[in-house]
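One chain, chain A, links the two complexes that follow: it is found with chain B in the first and with chain C in the second.
Entry: the complex of A and B
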C-alpha cells in the first residue's frame, strides 16, 4: 500500500469561481491529521473530492495509490449525514445497509462502538438528537476497515463530555496504518491526538506541519493556528 | 468493492418497501368503495348482508379500476425515489463505478415498477378466482361469456399483445430516463453558470431543455427514423411479418432509450454531484 492520500495539482471550479486551486497534499500512513481553515475555505469540498462525490475537478487524487473513484471509495470511510435514509429508519436497518454494501464493515466493531456511544439499535433516526446522529455516524465510519478516514466536522452537535471521550478513543478505533483526516472547529480538544496539521487558506494548502514541530516551537496547536491567522492579518 | 448484484438488490429492497403499502391501500380502498356502493344501493344493512356475495365481483371491479390510478401514482413515486437516490451522498459513497451505479438504479426502478404490476395482476387474479367460486351470478355470467367468446390465439394476436405490452413498458422507461436527463443536464449547465443555483433558474433551465429536446426529437425523427433506421430494418429484413408497425416502433424506442441512457451515464459520471 502506498500513501493513504496523495493529491497533485488539484483545481476545482464551480459557477466560474475557483473553490480549490493548485492544491497538493500527501498524507503518510498511521497519522491523525487536522484539516483546518475558516468557514468556506473548502475543507468539505476537498473531502467530497477525495471521496469521489464531487465531480469535474482537475488534477490527481489517489487514495491508497488508487486514482479511480470507485477504488478510492473502497479504501476510505467518509462521515456521511445519513441523508439517504428516511427518518423512520432504525439503526439496525442502517447497519444492514452498511453490511451489504461495504465488505470491510465489521459488525463486531460497530456493536462495540454503539455501546460506547450509548445508542439503542432499535432507535429510529427521527427519535435521535443531532448529537446522537453524529455519534452514530462516527460509529458507522469507524466500523469500516479502511486506509483513510475522512471526518467532516464530526463533533459539532455532541456534548462536551461525550466529545472528549470520543476524541480520546479515536486512536483505539483506527487500524495502526490507517490515517484520519479530520476537519473540526474544536482545535483545542482534538489537539492531543493529532500528528499533523493542514491549514487551507486562499483556496489551497498553505501550511502542513507536524504537531511535534509545532510543540518544539513552544506552541500549542490552537496557538499555532491562531497565530497563523494573526500573522496573515498583520501582513 | 461493492458488487453490482448487491447494489441492485439493495436498490430493489429500498424501492419495493412501499410496494406493499400501495397495494394494501389499493385493495382496502377498492373494498371500501364496493362496501359503500352496496350499502348505498340497498339502503339497509340487513339487505346488504343478504347480498354479501356480490361484494367480491364489485371488489374485483373496484380493484381493477383503482389499479389504473395506482400504477400511475406508483410510477411517479418510483421515479422521484430514483432521482433522490441519484442525488444522495449516502448511496453515492458506495464503492462502485458511477456507470454501474446509474445502471443498477435505473434498472431496479424499472424492475420495481414491473414487480408492482405483477403483484396487481396476482391480487386481481385471487379476487377473480374467489368471485368465481363464491358468487353464483358472477360464475354463470363468466361461463356465459366464455361460451360466447371465441379466443383467437393466432400467432399474430400473441405477437400484437406482446408488442403493445413491450411498447408501454419501454415508454415508461423512456419517461424515467427523460426525467433523469432533465435533472442531470440542468445541474451540469447550472454548475457552469456564473451565478449560484436557485429554484427559478433551475425551472427556466428545465423549460429550456424541454424545448431543445422537443426540437431535437422532431429533427431526429425525420432523419433517423425515416431514412437511417428504415433502410437498416429493410436491409436486415426485420420488417414485421404481420400487418402492424408495432415491432418497428419498438425497435425505434429501444434505440432512443439506449441513446438517452448512454447520455445520462455520461452526465451522471462527469457532472452530477451528490448532496
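Entry: the complex of A and C
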C-alpha cells in the first residue's frame, strides 16, 4: 500500500468560481491530521473530491495509490450525514445497508461502538437528536476497516463530555496503518490526538506541519492556528 | 459484478417498499367504490347481488390498476433521482456508470414486480368472481373457447405484433426514466457551471429559450432527423400505417433513442452530476 492520500495539482471550480487552486497534499500512513480553515475555505469540498462525490475537477487524487473513484471509495470511510435514508429508518436497517454494500464493514466493531455511544439499535432517525445522529455517523464510519477516514466536522452537535470521550477513543478505533483526516472547529479538544495540521487558506494548502514541530516552537496547536491567521491579517 | 448485484438488491428493496401499501389502497379503494356504486348504496343481500358485486369490484380493480401502475412508475422515477443526488448512495464503492444502470434497472425491476403482483391480484379476484357470478362464468368460458379457436390461427405476424407491443411498452418505460434523468442532470450541470449570482436568472432564460426552440422545431421542422426521432411516437399515436414494418422500425428507433439517452445520462452522471452535500 502506498500513501493513504496523495493529491497533485488539484483545481476545482463551481459556478465559474475557483474553490480550490493548485492544491497538493500527501498524508503518510498511521497519522491523525487536522484539516483547518475558515468557514467556506473548501474543507468539505476537498473531502468530497477525495471521496469521489464532487465532480469536474482537474488534477490527480489517489487514495492508497488508487486514482479511480470507485477504488478510492472502497479505501476510504467518509462521515456521511445519512441523508439518503428516510427519517423512519431504524439504526438496524442502516447497519444492514452498510453490511451489504461495504465488504469491510465489521458488525462486531459497530456493536462495540454503538454501546460506547449509548445508541439503541431499534431507534429511528426521526427519534434521534443531532448529537445522537453524529454519534451514529462516527460509529458507522469507524466500523469500516479502511486506509483513510475522512471526518467532516464530526463533533459539532455532540455534548462536551461525550465529545472528549469520543476524541480520546478515536485512536483505539482506527487501525494502526490507517490515517484520519479530520476537519473541526474544536481545535483545542482534538489537539491532543493530532500528529499533523493542514491549514487551507486562499483556496489551497498553505501550511502542513507536524504537531511535534509546532510544540517544539513552544506553541499549542490552537495558538499556532490563531497566530497563523493573526500573522496573515497583520501582513 | 458482486457489488452490482448487491447494489441492485438494496435498490430493489428500497423501491418495492411501498408496493404492499399501494396494493392494499387499490384493493380497499376499489372495494369501497364498488360498494357505494352498487344499488345506490342500498344493498339487499341475495345471491345475484352478491355475485354482481364481485364483478363490479373486479372491473374497478382492473381499471384502477392502470392508474396505480402509473403512480408506481412515477414514484420509481422520483426515487431514481433521489438516489442519484444522495451522497449516502453515491459513496458506495461502485463505478458511477454501473451505479446509474443499477438505479434504472432496479426501478424497472420494481415496476415489473408491481405489474406481476397486479396480475396475480386480478387473477385471484377473477377466480372469486368466476366462482360466484354465473354470468361472468359463462362469459369467461366462451372467451377461452374463442381464444382456443383463434390460437390455431396464430401466425408469426400476430406473435410479432404481440411481443412487439410488449417490447414497445418496456422501451417506453425506460425512455421515461432516461428523459427525466437527462432533464435533471443537464439542468443541474448547467446550474453548477453558470455563475452563482446569475445562474438562476440564466437558467430561466435558457429554459424559456429551449422550450421556444422545441416548439418551433416541432411545428416547423420537416427534416428527416425529426421525422426519424418522432416516428415511434407517431406510431403509438396511430399516425402511421400501422403495419408490421412500421412496428419494427418504431422498435428499432425507440431502442436507438434509448441507447442515445442512456449514453448521454451516463456521461452527465459520472462526469458532471454531483451528489448533494449530506450533513
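By our rule, the second predicted complex is superposed on the first by the 235 of 235 C-alpha atoms of A that agree within 3 Å, B and C clash if a C-alpha of one lies under 4 Å from a C-alpha of the other, contacts with A are read in each partner's own complex, and residues count from 1 in each chain.
The criterion applied here is as follows: contacts are C-beta pairs under 8 Å (C-beta built on N, C-alpha and C of every residue); 3 or more make two chains touch, one makes a residue touch a chain.
Computed from a prediction, not measured in an experiment: that's the story for all the values here.
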- Item | Clash-or-fit label for the pair chain B, chain C on chain A | clash
- Item | Which of chain B and chain C A:102 touches, first, second, both or neither | both
- Message: Per the contact definition in the header, classify A:11: touching chain B only (first), chain C only (second), both, or neither.
- Response: neither
- Task: Answer with first, second, both or neither: which of chain B and chain C does A:82 touch in the superposed model?
- Result: both
- After lining up the shared chain so the two structures overlap, which partner does A:193 touch, if you call chain B first and chain C second: first, second, both or neither? neither
- Message: Touch test for A:123: chain B only (first), chain C only (second), both, or neither?
- Response: neither
- Is A:207 in contact with chain B, with chain C, with both, or with neither (first, second, both, neither)? neither
- Message: Quick check on my understanding: which residues of chain A belong to both its chain B contact set and its chain C contact set?
- Response: 14-16, 48, 51-56, 68-71, 73-74, 78, 80-85, 97, 100-102
- Quick one: which bits of chain A touch chain C in the complex? Just the residue numbers, please. 14-17, 44, 48, 51-56, 68-71, 73-74, 78, 80-85, 97, 100-102, 152-153
- Residue positions on chain A within touch of chain B in the complex are 14-16, 48, 51-56, 68-71, 73-74, 78, 80-85, 97, 100-103
- Item | For the chain C and chain A complex, residues of the former touching the latter | 3, 6-7, 9-10, 82-83, 86-96, 191-196, 199, 270-279
- Query: Which residues of chain B touch chain A in the complex?
  - Reply: 1-2, 6-7, 9-10, 84-85, 88-98, 190-197, 269-275
